[in-house]
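A, B, C and D label the chains in the order they appear, each numbered from 1.
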Amino acid sequence: MALATLLLPPALLVVAAALSWAAGLARPPVGRQVVAAAAWLALAALAGAWLAAARGSSEFAPGLTTGVIPVRLRVDAVTVLFQVAVLLPAALLLTFQRRSSSEATRAALATAAALGCLDGGSLLWTAIGLGVCTSLLLIHLYREEPRVSTQFWVVQTVAWLLLVWTAVLLESAGGTSVYGAIPVTALRLPAFAVMTVAALLCSGLLPWRSWVSEAWTRRRLEAGTLAIALIVPLGLYPLVRAYGMGAGQWPSIQTNVVVAAVGTAVALGAAVRAQGAATRRRYLAEAVPLASGLALLALGLGTPLGLVAALTAILALSIVAGLAPLVPPGRGAVAVVAIAVAAGAPPAVVFAGWLLAIQAAVEAGIITAFFGLVGAAAWLLGLAAAARAIWLPDTSSGDGPGAGRGYVGSLVASAAAITAGVALTAVVGLLAIPAAAEVMPTSAVHPQSGGVSQAAILGAGSMGVSTASGGWSAVLLAGPLVLIALITVTAAHLARRRAARISVLEEVPASNVAPPQPPPEPFFAPPLATIPHDAARRLRALRLPEQYRSLFRPALMERAAVWGGPWLWAAATVALTIAVTR
Amino acid sequence: MSWSAIGLHLLALLVYPGVLLILIVGFLAEGAAGLALGRDGMRAAVSGPAVQIRNATAGSWPLLLAAALLTALAATQLAVPANPLAPLERNLLVAAFSLAATIWLCWARAWSASGARASLVVQACWLVALLSPALLSETLRPQVLGAVAVPAQLPLKAMSGLLYLVCLPVLLLLAGDIPGPHLAAPRILLWMPFCGLGVSVFLPPAADDVGGSLRFVGATLCLALVTIAVAALLRQPLAAGLRPLYLRLASVLAGLVLVVAVVTAALTSAI
Amino acid sequence: MALTIAVLTAPALSSLLPVRDLVRLPAPSRVLLIASAGAVLLTVGMVPRPVARWDLFAGGLGAVGAMAVLVAVTDPLAVALLLILTGFCCAVRPGSRPMAVRARGPAFAALLLGVGWGLHGMSGSLGRAAALSLALSLVAVGGLMPYLQDVDADEPASSSYLLWTGFFAPALALTLSLRVLPALTADQATIFGGTLVGLGLLNLGWGAVGAWRTSCDADAWRHSFLADWGLVLVGLGLFQPEGFAAAYLALLSIVMVRLPLYVLARPGSLRGEPAARGTLSIVVAVVLAGAAPFAGFPVRLLLLQAATRVAWPLAVLLLAGMVLWIAHSLRLARTVGSPRGRAALGLWLTIGISLALGLFPGALRAAGGL
Amino acid sequence: MTAAAAVAGASLAWLGAALLVLSDERRGLALGLAILAVGLAVATTAAGQDRLADAALAVGGACAAALQFARGGRGWGLMPPGSTPRLIGSVVVLIVTVLVAGTGLQDAAGVSRLGALVVAIMATGRLLTVRRRWAALGAGSALVLGLGALGSTPTLLLAATVAVGLNLVDVAAPEEVAA
């Protein structure tokens, strides 16, 4: 059953990709539908197999060797949580975005590669999987729009090379990069630093505009947003595994503080950019960076609650990644709800994840508490930016790119986020806490806190979360709230239908208020926003004195080397001989 | 999940300290505000809130519904005596972000650049006032924060309280550039959560009985009246020079609160 | 071809003939020889119309035969003599540059090899110079930095020096290093390895930057070979099993992936055709960039393993080179264009070979006894 | 006695290589080739190599020289105007090689190796600077003979064969248009 948990989801997607390819050749092209069904089926299979199994961790070593390493698979709560975080947005996007059969094939293969990457039982396997997934996504991006996303390619290449190097460093220090077998002492500061840089680059976790926001500048959103949904969680995965490698600890407490600080800076940077966005698409481009920044803040805390909050925030981030591209144009209720959910309005899971993150920061210590305050400020700024975004022009409305983004996808994604928010205790109890307990064993780091335990995080009767600093009765407060809202909206809808008016979903609250012309200006000009541009301009403006320029022109040096011919050969040989015989 | 628990939570949301108490406090405060700030006389001041609610229900009822639910959620988190919600289930952040979401939902209904900018600045200051004492006490439970009487933290608590008070007029849409009458109805829903949260966090909790409840509601109304007074002061022609300085004053005060918080944290951790 | 088959069955033959110790074929060289023969067939099969297919086939078979002899002969001094003969025989073929100019590279490599091997038994500075000379001979035979050759874009591929860089040199360099290393003292081995690593890094950087910055597509391809060779030299110079395996796999990918792609891209880049923008371009770009799961990935991994074991700063330099690498891969991929017919089949076959090299390097290492 | 023979052979080889470097006609080149082959053979014999192999080296060099001579014109082209740098180069190569590799001069084998080195280096120098095919092939033959003289019996035999083979390439291949 455990093996089925591992292999079934990617296998389903690979089969669907093959069928989709075949469907592309035949008529009618139903590839997209096949792939979407497979994605939901994979999600169901994953959840079913995981819940039906003992939910422990198990490894498989079939004795095969692929690439340069023996095949080693591992299934545990962390794997399942991240596979859900990858599959959920992928299923949403594969279902509700427009794709041709060939595009659906590539998307399904990339999703399968991402799942395969998470199936691996060693960091080296994760690196290989990430490389394969990136390659497939690169092909998908290029096929959609023959313009290479240089930033994406370069950043991802650097990231996976660094991840490969981390695995190599771990192997040289501890003899293996297998998650279950790495000695606690193997993960030293240099290896962890390299891994962290790889993770930050891969997930676009930078205080400035990263590839994640850049993916939203493409004419079509399908490939770019799928790349975000797949790659961002994969980038955070090694950082979570790092806790397991160090028996619940990172190499030093300073690393926790630095990573938490970076997370705070990422969230704040994203919020600042979001409030200054010129279009709604630009605003939505910052939704994932904001969510991932807050998740990183929690991940860096190094406490059991911090880890649980981070894992919950990663799930929330995955829903944001699936929801943001589906936000419909216009200012109808569906768009407003979707934007509010993505911005962390209660009671959706995004809100709950961020709430836990800030709470964990407050509990972790005075320094991280101030990080929490900054995180909360970023959250607040994000809400303000969301309100402004409702008034912003949507470049993808009308006949433009992304046209035809229906209401259904947005509704389904928002409903999923709100349902997960109401069922927060189930999400935390079944996924986040087991995953955190997997990498942060009770006996290890925080004996005083008793490690990661349900009792320390979930309230009595698991009706809500209740930690040392505060509680949130998700089921008993969010549930009734949602219920009351649904009943009222349905009643009003029926009443209006009876009155033969148009659907409530397509108008209020703001439709009878004309949008301001011109669109609202930013709350404030983003500080330091011009620095990268100015630095680049200054660098371009730098000029060497004429007489030295030839030294930096490869073509000229090349010509000299080639035309120098025999004399250069002789000179080089003589010089080297003198060098080694001295 | 017991039915009694569901019932208690529904009671908290819909009656006390939820929607019903919110409306009572809101109507009273809105009436007082109408008298103090409006020029329409007693009758208009008393009937005004009801008219606004009726118009809003006909016009943009989803906004009103969302605002009512979010403010009710915020109200359940207050340290009001005899709150059906157990103290362990309350959370300052839930209240704070429910209220922030409500305000920005209002701005999504009607927009004015300068008003929204002022609202953002003041909300940031308000967040500092609300969270600074929480950071030092490492708790987000309103009743615990209200009960904190550590001498070392009292200056911070006092300054935070002052900052909170300074922020209230803009948070309650009494001051600043408000875009038309659209936001009058949602404002009725904001009085109780905002003023009640201030009372919960900065005043010692009242006894868990009817008297305590009345004391809490009274304190909330007093805070509302002080806020109206500040707003009235800001609207005076004499204070015309003060209005542009208002945001700066709030920002500087927030900066001071942060500095005091850092110093207090350094001192308490050093000791 | 008969010569190749004879060499491949050398163990059986050498027991019958009186040349038992003179002819022996190491396992990695055997694999590379077979790969070279396969590359000839692949190249001839996929080459586009303008190129005389039969001429290329005949030349390729002759080259494989010559290479078979070069890698089979055990005495490096004899290899040096045969290298001169092969160099002149290749230079006789019609080309835009004079024969004397085209024969210079192999002759200089032979001098370095001969002198190095002739003096390797000496002690002191002469012995160190001999080790250096042996290392430089490996660099010179491939026409790598600093022994660059002028590549005339109009010259037929079979007369171009890239025939040495991409075809003769791989098997020869691997075999020579296998033959030479056991005879060196520790001091000499250090100089041999240090020289290879140093020049490997130089070629990696030079090739990656050159292929990215140069304006001419033919030059860009030549530089990309240099970058590949940079990895090979570093791998050979680290004296680690992983390093040697990386060099072996990199040489296989030069012969079986980069060379066929170059031959396919050549006519287009000569005619200065506009760069293609099809899906195939990005697939080829990913192949050329060495991304997983293609041929370049195991090379990079093994090289990083070896470099980290020897000295981690070396791994940092290699990483920098590998990052620079991607700058030129798309540009080169676009010169391949979107071929049709047998060329397209050949291209997909090459991509498949690259995938196989990336997915099953273990099998290839086992075949090479590494 | 053997040491003296080795020195004589090495000197003869250098003289032959110098002639090869200094001649701009086939005949002069052939003369140099023949002399250096004989010199190398004498030196290797003195160094104790197999006499048959040494003879083969001399014969190989002679055949190569004969092939060059047969296709040559009337003139010898020795030390034409402008060849002074080549003359100086020949002397400098000798001196530098003796200085660098002089440590191995204590026995006949060392002297023979020195002679072979000098020939190989001078031949390569010539090969790297000419553009005419026949001159390149002549220099290539000299290089082969020089390198062969560094080795043992099989290498000497192979060197002789390759030296002849190179000049047969010149005979077989069509004449190159002067570049």
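Basically, contacts are C-beta pairs under 8 Å (C-beta built on N, C-alpha and C of every residue); 3 or more make two chains touch, one makes a residue touch a chain.
In this text the structure is predicted, and so the values were computed from the model without any measurement.
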| item | value |
| --- | --- |
| Chain closest to the middle, measuring from C-alpha centroids that were averaged per chain | A |
| Top-ranked pair of chains - ranking by C-beta pairs in contact | A-B |
| Inter-chain centre distance, chain B versus chain C - centres from mean C-alpha coordinates, in Å | 74 |
| Inter-chain centre distance, chain A versus chain D - centres from mean C-alpha coordinates, in Å | 71 |
| Distance from the mean Cα position of chain D to that of chain C, given in whole angstrom | 32 |
| Gap in Å, rounded to a whole number, between the CA centres of chain C and chain A | 41 |
| Interface hub residues of chain D, defined as touching at least two other chains | 128 |
| Chain B residues counted as touching two or more neighbouring chains | none |
| Shared interface positions of chain C, touching two or more other chains | 104, 108, 126, 129 |
| Pairwise touch network: line, ring, star, complete, or other | other |
| Full enumeration of touching chain pairs | A-B, A-C, A-D, C-D |
| Complex contacts: residues of chain D adjacent to chain A | 128-129 |
| Of chain A, residues touching chain C in the complex | 65-68, 124, 127-128, 131-132, 134-135, 138-139, 142-143, 146, 148, 153-154, 157-158, 160-162, 164-165, 168-169, 171-172, 190, 554-555, 558, 561-563, 565-566, 568-569, 572-573, 576-577, 580-581 |
| Partner chain D, residues of chain C touching it in the complex | 22, 75, 77-78, 80-82, 84-85, 88-89, 92, 97-101, 103-104, 107-108, 110-111, 114-115, 117-119, 122, 124, 126, 129 |
| Touch list for chain A against partner chain D, complex | 565-566, 569-570 |
| Residue ranges of chain D in contact with chain C within the complex | 100-101, 103-104, 113, 116-117, 120-121, 124, 127-128, 130-133, 135-137, 140, 143-144, 146-148, 150-151, 154-155, 158-159, 162, 165-166, 169, 173, 176, 179 |
